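The structure that follows is given in the form of structure tokens.
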Amino acid sequence: MPIIRIELLPGRTVEQKREVAEVFTAEICRIARCTPEDVNVVFTDIDKSDWAFAGKLMSDS
Amino acid sequence: MPIIRIELLPGRTVEQKREVAEVFTAEICRIARCTPEDVNVVFTDIDKSDWAFAGKLMSDS
Amino acid sequence: MPIIRIELLPGRTVEQKREVAEVFTAEICRIARCTPEDVNVVFTDIDKSDWAFAGKLMSDS
Amino acid sequence: MPIIRIELLPGRTVEQKREVAEVFTAEICRIARCTPEDVNVVFTDIDKSDWAFAGKLMSDS
Amino acid sequence: MPIIRIELLPGRTVEQKREVAEVFTAEICRIARCTPEDVNVVFTDIDKSDWAFAGKLMSDS
Amino acid sequence: MPIIRIELLPGRTVEQKREVAEVFTAEICRIARCTPEDVNVVFTDIDKSDWAFAGKLMSDS
């Protein structure tokens, strides 16, 4: 019953998310032996002004 | 000190969220013996293009 | 397709979690109009030494 | 490799988030002995109509 | 800078998690154009008595 | 009403977590203008075999 969450910067298209969801679902089913109906994938876009790396907001880099 | 998070598709009204928050808080206090002042409930709407089930974005189904 | 997560201090029994899962699932389906097969509930126990309120670990209060 | 997530009500400025990210990164590196390049900080604004405390939406208080 | 989280039932081996981490990192870099050094993957095992589907703890099914 | 979550590798002592909780609570109250009674801090230890960076489990590095 895997739940997969992906946080990423904005700018990915629906096409890219669609492919990530397809591939991740297929791969986790293959590797961890589950069925696609067990898998949820949730994307969350995080703005550059809401994400800091090494102490700096990405919007400042 | 329960923290309850609820991820759901958009489209629920404030009235529905208000009732969910009331009922969930009352019920967890009754069942798990806590006081309402210990309970936080956080809702997150997830767009259909950000949620995939069985490998397919919900916006594609 | 709600996903409900509940973080709480340890000490709740399986019976209590079972009842919370039943009641929360029934209530969210009633209020937000979904079917039980759409609902996941995930519990996470948080140790008192891993939870701070007002700046103090609960294991210190 | 700490990942720090901060959920808060809207209304904090970029300046405030910038300072929180700087201070939290510096302090966790000092206390837990890591390097800034190991630290991610992610902010999530939660609307008052999506956050309930003591069973009441904050937008109703 | 994607952060990928995977919640699953216990019982997956380190070998399976290793392969999931490798494949997910490679695929998200390919599809979303990032570099492996940008990707964190975090697994969380959820006990069957902490996960309910359709209102029932998985340990009861 | 900030909720702060911190995921880190195991090995930090209770003393280190206590200090992180104190400092983070004080600093966010100072910067974001809230009161300590509004702040929850939750720590989650992530095993090295459950955390991958750049496609590799940390237990393999």
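Just so it is clear, A, B, C, D, E and F label the chains in written order, and each chain counts residues from 1 on its own.
The criterion applied here is as follows: contacts are C-beta pairs under 8 Å (C-beta built on N, C-alpha and C of every residue); 3 or more make two chains touch, one makes a residue touch a chain.
These numbers were taken from a predicted model, which means no experiment stands behind them.
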{"item": "Graph distance between chain B and chain E, where chains that touch are linked", "value": "2"}
{"item": "Selected pair, greater C-beta contact count between D-F and C-E", "value": "D-F"}
{"item": "Distance between the centres, which are taken as Cα means, of chain E and chain D, whole angstrom", "value": "24"}
{"item": "Chain centre separation in whole Å, for chain F relative to chain E (CA means)", "value": "20"}
{"item": "Shared interface positions of chain E, touching two or more other chains", "value": "1, 3, 7, 40, 42, 51, 53"}
{"item": "Overall pattern in which the protein chains touch one another (line/ring/star/complete/other)", "value": "other"}
{"item": "Chains that touch, pairwise", "value": "A-B, A-C, A-D, A-E, B-C, B-D, B-F, C-E, C-F, D-E, D-F, E-F"}
{"item": "Residues of chain F defined as touching chain D within the complex", "value": "1-9, 12, 16, 19-20, 23-24, 27-28, 31-32, 51, 53, 58"}
{"item": "Residues of chain F that touch chain B when the two form their complex", "value": "1, 3, 40, 42"}
{"item": "Chain C-facing residues of chain F, complex", "value": "14, 17-18, 21-22, 25-26, 36-37, 39-45"}
{"item": "Interfacial residue positions of chain C with respect to chain F in the complex", "value": "7, 46, 49-57, 59-60"}
